[in-house]
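Next come two complexes, and both contain chain A; in the first it sits with chain B, in the second with chain C.
Take a look at the complex of A and B:
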């Protein structure tokens, strides 16, 4: 295999959330959002690689890290084999000539106080005009820049260019604005374009046309795309290969056709079942697995999908807080809450990794331990089999789980899957 | 014409002016027009003072404290000088002080606000602290203190007033920049590799510029009052220069005997500040909806 255009190795991006002085003194340090937590993928020259996942799984963060808007916490980004993870100022300037972003919302990506012609011209002034030889020269005159902008407008289908040059973004349609954004990026002659949900904000009626347009550009300029979307139907239309993301990790990656034909990861399966039917009246017919997406500050241990996974095994990462979640769910029913009152309230329970515990004070801890055992057994499912021990230490009831099996990405029928089923 | 300015290519002034012209028939627009007309009239009066004033403002031309009437339309003051002539000549002082003081405040407040808002972090907090401590002083008191130290004269008074208003420009610009900075188009400009100075100058400044004429007019109105206040306290200009505020300080103790010598200068101060306030408030209504409209648009799409 030839060297990939872009290679991302074990990329991690954590954001610190400031928790306030007092909380930090009380311990626990600063909380971190694990926005991207160990992601690896590579993109070959000329390919369209899709990143697909629900909101908040870290897609935009990856995009921003690639163009140096966000700093990688660890891991490596290689562009044509060259390390561009943490470039210096000059390096960053060069990186941005080769990797560029197309934003989700073209309206927001353009300054409302600048004509769209100027928006493109400004980039050419800063970076110079690309020549056929692949280098850049500084423009001799404003007329030369204007001519170059006309060329770009013509290329992206804003014709006649002179008509569009002096328009403000407010005066163009969403599709036209996205063409301006694409043109502004093309002025740099980038090799890799990261398109972050480029059609999500556009009118339904122009989406297909816009996608076609992006593909035309790709063919004409020998581009490579990293195409980000939460919409599997769109990804199917444009991507050669896709990576399915869940909570900061890629759970399945492989050729788009293989994955669509026969998804292996339970999350991919769930997503594919949730694809909206192309019928406007039934657009919101989503049947994603039950439960919310857990937050990325303390992502679930083991496999991150295990609390929602319909096929979860006892070894998938069950831990203390899953018991608490189970109790919480049960006690939504007033009847159960009353019957199991001695084990409550929920706030008295505390999770610590594989352990959930509660100090019973003067209440009999053995009775509560027995109750919890019954509840967990009744719930059946993989969680029950993952419990190692329910015991009493002094006045404290402790539920402890077995350690999960380590997750290792595996080759499964032409794609890589991160799941213990394989 | 409105359209010609709106298309006014990329010039910032042209764009703002275009926005104004397109809405100039609204109530706010009419207020602005009235304000501008009055200010222009006073400027013309100041420029043509030698031709308009019937008498020399600094010589005794008649008996003191003659009531309005005859050749002395507004009467004479306690020094026997013609009140009208002193008012005509005296318009030069507030106008000069507005020009100098607001230029100084803008020249310092604007760049500091841009820097502070864009940089954020520690630098921002440091500049904010200094500005807030200036702002915490009552304006007139601060101007009095400065004027008392550096002495009289147009430049000194302007400077004293300018210091008071730097934090106003600074705060408005800084807050505006801090919010515009979060807009994706600023991030996009950075991602495109544009130099920082260019991002501030071409992407942020034009989007906060609509605040400037508004603060300018409001501050100008305030500056006139502050100058008059300093003059009344004897901290204004050296005697001999006709000045509305100074004339009030000269005559107000004799209000019972010759109200006109105090009333007319006061009336003109009121007219000028009201006109400037009309301009400021009207522009605020017209130019700042630019911002509001953007917000509702984004909200509607989301």
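Take a look at the complex of A and C:
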């Protein structure tokens, strides 16, 4: 295989969470959002690589890191083998001529006070006009720039260009605005375009037209795309390979065809299953993952998907807070909450890594320990087998789990999966 | 089957400096009690205006004509105070972005107390909280969330809380305007499953306003397709999806991108401007089956086929 156009190696992007003076005095260490937490992938020349996941999984952070809008905490980004992880000012200018971003909302990407022609012209003034030899020269005259913008508008289907040049974004439809944004990006002759949800804001009846337009541009200009979306159906249509992201990690990556034909990771399966089918004769009961995507400041231990996973094993990373979540869910039933009142309230429980504990004060801790054991055995599922010990120390009830099995990406039937099932 | 809501010849026109914008035109729609009516259409088709018109939540420059009959009364003839009393009690509404509907400076508990006391000023805060806990359990939200502020909650939790606020007075109709558009697919499915189980429990009808045909196919009993302020087609979900009649419905269904899509399709052209008066079928310029009559004569609704579906098209 030839050298990939883009290679991302073990990329980590953490954001610090602001903590007040008192909170810092009280300790607990620095809180960080683990937006991207060890992601590796590569994109070959001419390929469409899709990053698919729900909000907060880190896909947009990756896009921003690639064009230098966000700084990587660690890891490497190589463009044609050249390290572009932390470019200086001049280097950044160069990176952005080669990697360009198309945002989700073209309305927000265009200044409302600037005609769309000027929006494109501005970029050409700053970066120069691309020549056929692949370098750039500064324009001799404004007329030359205007002519170049006309050429670009013609290329992206805004015809006649002179008609569109003096329009303001508000006078154009969503699809037309997205074409202006595409034109502005193409004016730099980039090699890689990062398209972050490029059709999410468009109406269904015109979405297909935009996708076809993007694919047409790709063929005409020999582009490579990183296509970022939450929509697995759209990704299936445009991507050659996809990576499924969950909470800062890629959980499954491989050829799109392979993954759609037979998804392996339980999260990929859940995502596929959740897509509504526009055929009422095929309604079926869906088994959905429990709860929501957890907070990325304290991602779950072991496999990050384990608390929600319908196929979780005892070795997937069960820990103290999972017990508390189980009790909380159980006590949504007012009747159960009353019957098991001696173990509550939920706020009195405390999680610390593999341990969950509750100081019972004057209540009999042994009775509570026995109750917790029954609850976990009855409704804890795979969590029950992960419990190492439920014990009483003084007045405190302690639930302790075994350490999880280490999680490493594995090659499974033509794709790479990060899951202990394989 | 009894109707919980009947719209007759409902029209909404926004007066603007450039003239009247006919956002909703001559809409007839009946929602059976305890059922889900899906109202689908693209941005600007008037579906949100229609939802708000029912609750009379439109801005001052909106002019409403026709009738909105709810529980035997015409809402358009009621005073502002009478409508306010119905709102939140018998008729409730949830919106796309729950963050903007909850007050960021108020704890969740205070949202509940305020809502309850707006209708029953005599209720003591402690009793109001007890009622809050009951509805929160129904939407599967732990009651400790009552002490939190909206920003401390996830998007899914916030939307559940919005639903719980609506349930307080056991409304006969819930208007859900793109309730899951801000949420991810898994959460979307969770929230709609929840809505479905709750509407049975509370014997509540739902007007589900959405652009997502997949959601309507999975959850709605009947579907109304809106285009340019008018109902293009309306009927029971299963036959409508099996055999869409209106060329716009056909185009819209073909343009859905799902996992089985093998060929992309888009409806040609763009939706028309709703400014000023128009003649003929609003879909005429984009229609692949247009005839000369379509340009000049507006197609009245007619009943088509065995399922007596309402279709506004000259083809039938």
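In the analysis below, the second predicted complex is superposed on the first by the 408 of 422 C-alpha atoms of A that agree within 3 Å, B and C clash if a C-alpha of one lies under 4 Å from a C-alpha of the other, contacts with A are read in each partner's own complex, and residues count from 1 in each chain.
Just so it is clear, a contact is a pair of C-beta atoms (placed from the backbone, for glycine too) under 8 Å apart; a residue touches a chain by one contact, two chains touch by 3 or more.
Model, not experiment: these values are computed from the prediction.
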Between chain B (first) and chain C (second), which, if any, makes contact with A:270: first, second, both or neither?
-> second
Which partner does A:93 contact after superposing on A: first (chain B), second (chain C), both, neither?
-> first
Go through the superposed model and pick first if A:101 touches only chain B, second if only chain C, both, or neither.
-> first
Which holds for A:315: it touches chain B only (first), chain C only (second), both, or neither?
-> neither
Touched partner set for A:224, first chain B, second chain C, both or neither = neither
Now for A:237: first (chain B), second (chain C), both, or neither, which partner does it touch?
-> second
Chain B or chain C, by number of chain A residues touched = C
So, A:110: does it touch chain B (first), chain C (second), both, or neither?
-> first
Residue ranges of chain A touching chain C (in the complex, touch as defined) | 54-55, 173, 175, 203-209, 211-212, 230-234, 236-237, 260, 270-272, 274-281, 283, 286, 288-289, 292-293, 328, 331-334, 345-347
What residues on chain B touch chain A, complex-wise?
-> 7, 9-10, 12, 15, 183-185, 187-195, 198, 202-203, 206-207, 209, 290, 294, 297-298, 301
Seen from chain A, its contact residues with chain B in the complex are 67-69, 92-93, 96-97, 100-101, 103, 105, 107-115, 118, 122-123, 126-127, 166, 181, 184-185, 188, 201
Of all residues in chain C, which touch chain A in the complex?
-> 42-43, 133-134, 137, 140-142, 144, 154-157, 184-190, 193, 211-215, 217-218, 237-238, 241-242, 251-253, 255-259, 261, 264-267, 270
